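The structure that follows is given in the form of structure tokens.
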């Protein structure tokens, strides 16, 4: 029987304390020498004199979880990694808050240097997640990834 | 008058809560879209059947602080970064604890992907910091960076 | 001539919820490939022009030449997570 | 012939604290370049052979051809932070 896939989604913003707990939980894994963490934070972008105040995220959760799992499996094959954790917000995340938390650990730093940007880029490109940028004046636009 | 250089050194291990506080302190910086964090954790390396239990760090603190500052200035010139923070332990850090915390933030992720590995590699190569690996049986060896 | 009518229940995401609706029913006189479904959508909703669409069924993204079984589908505009 | 004696006070780091000591006084009949200091150290402490040494004075790392002022110096084995 294969391991059930853990969901990457959390409701609302990701609390810095969650990140601290996640780091602390790795202190018993004594083969690890290097951690690297990526955090996406909602930026107060200006568009035509109006300003983003929050992003509302929706997703096809089951498919996103499955694809995230496949991307992780691929990177475990490719690099010598100890663990990988991915968390993405659903719902409303205000400017300045964290909406995306990706955590990669390995015995040596070269592996995390290579794997983390690759993981972040793949997740942004391949997960069915949709960001709606909400503006101060009540309008919105759909986020476009570069 | 130039800004005084902030010391990168902290006594003993770096607490995950310090990392959480550092992340939380950036939530008011709303031009930031991406953070990347590197953490060095003391690894339980095996050498000839004996095992590392801690690393004791010493440094030429003033020179290390000055060089770290110069490396940061160089990266601020080179990439579009919002902030950079560096913390390194002095004294004893046990296996599983964090001894090195490097935090880079930018409006966009590409800049942190490039700057963080470059910053970490430069700090490891250029700072007069010395790690003494202490073994279970009471012996020690001096750490060698690759 | 095959007179059996096929129903596709489409769940829309992101921008498509505004251009099409949260869900919509699409009837066809036979099974459709993903490519044919996209052509039908563009005909029914001309405002979709220029928007690259992806289609998933049974928790799998489908290529344009694959045939869709009757039933539920998810349709996606470009992804923008992170 | 210059009879003035120069004193260098060396502060050692890392492995060098075990091979030389925490600090040591080095006397010379004239100022030394960094390269000449390294040669003197290797002569006085043959166990240093094969260990690349760096020298700093007044909070600056010094190149081999630079001349050291009398007084305090820091001497380093390879760095191993992080």
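Going by the order they are written in, the chains are A, B, C and D; count residues from 1 in each one.
Everything below uses one rule, namely that a residue touches a chain if its C-beta (ideal position, glycine included) is under 8 Å from a C-beta of that chain, and two chains touch if they have at least 3 such contacts.
Not measured: the values here are computed from a predicted model.
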Where subunit A and subunit C overlap in contact partners, by chain label: none
Between subunit D and subunit C, distance of the C-alpha-averaged centres to the nearest whole Å: 75
Centre-to-centre distance between subunit C and subunit B (centres being mean Cα positions), rounded to whole Å: 50
Between subunit B and subunit D, centroid-to-centroid distance (C-alpha), Å: 28
Multi-partner residues of subunit D (each touching 2 or more other chains): none
Where subunit A touches two or more other chains, by residue: 40, 120
Chains touching one another, given as label pairs in label order: A-B, A-C, B-D
Sites on subunit A touched by subunit C in the complex: 40, 57-60, 62-64, 66-67, 88, 99-100, 120, 123-132, 142-145
Parts of subunit D lying in touch with subunit B, wherever the complex brings them together: 11, 13-15, 54, 56, 59-61, 74, 76-82
Interface residues, subunit A side, partner subunit B - complex: 16-17, 19-21, 23-24, 26-44, 95-98, 107, 109, 112-113, 116-117, 120
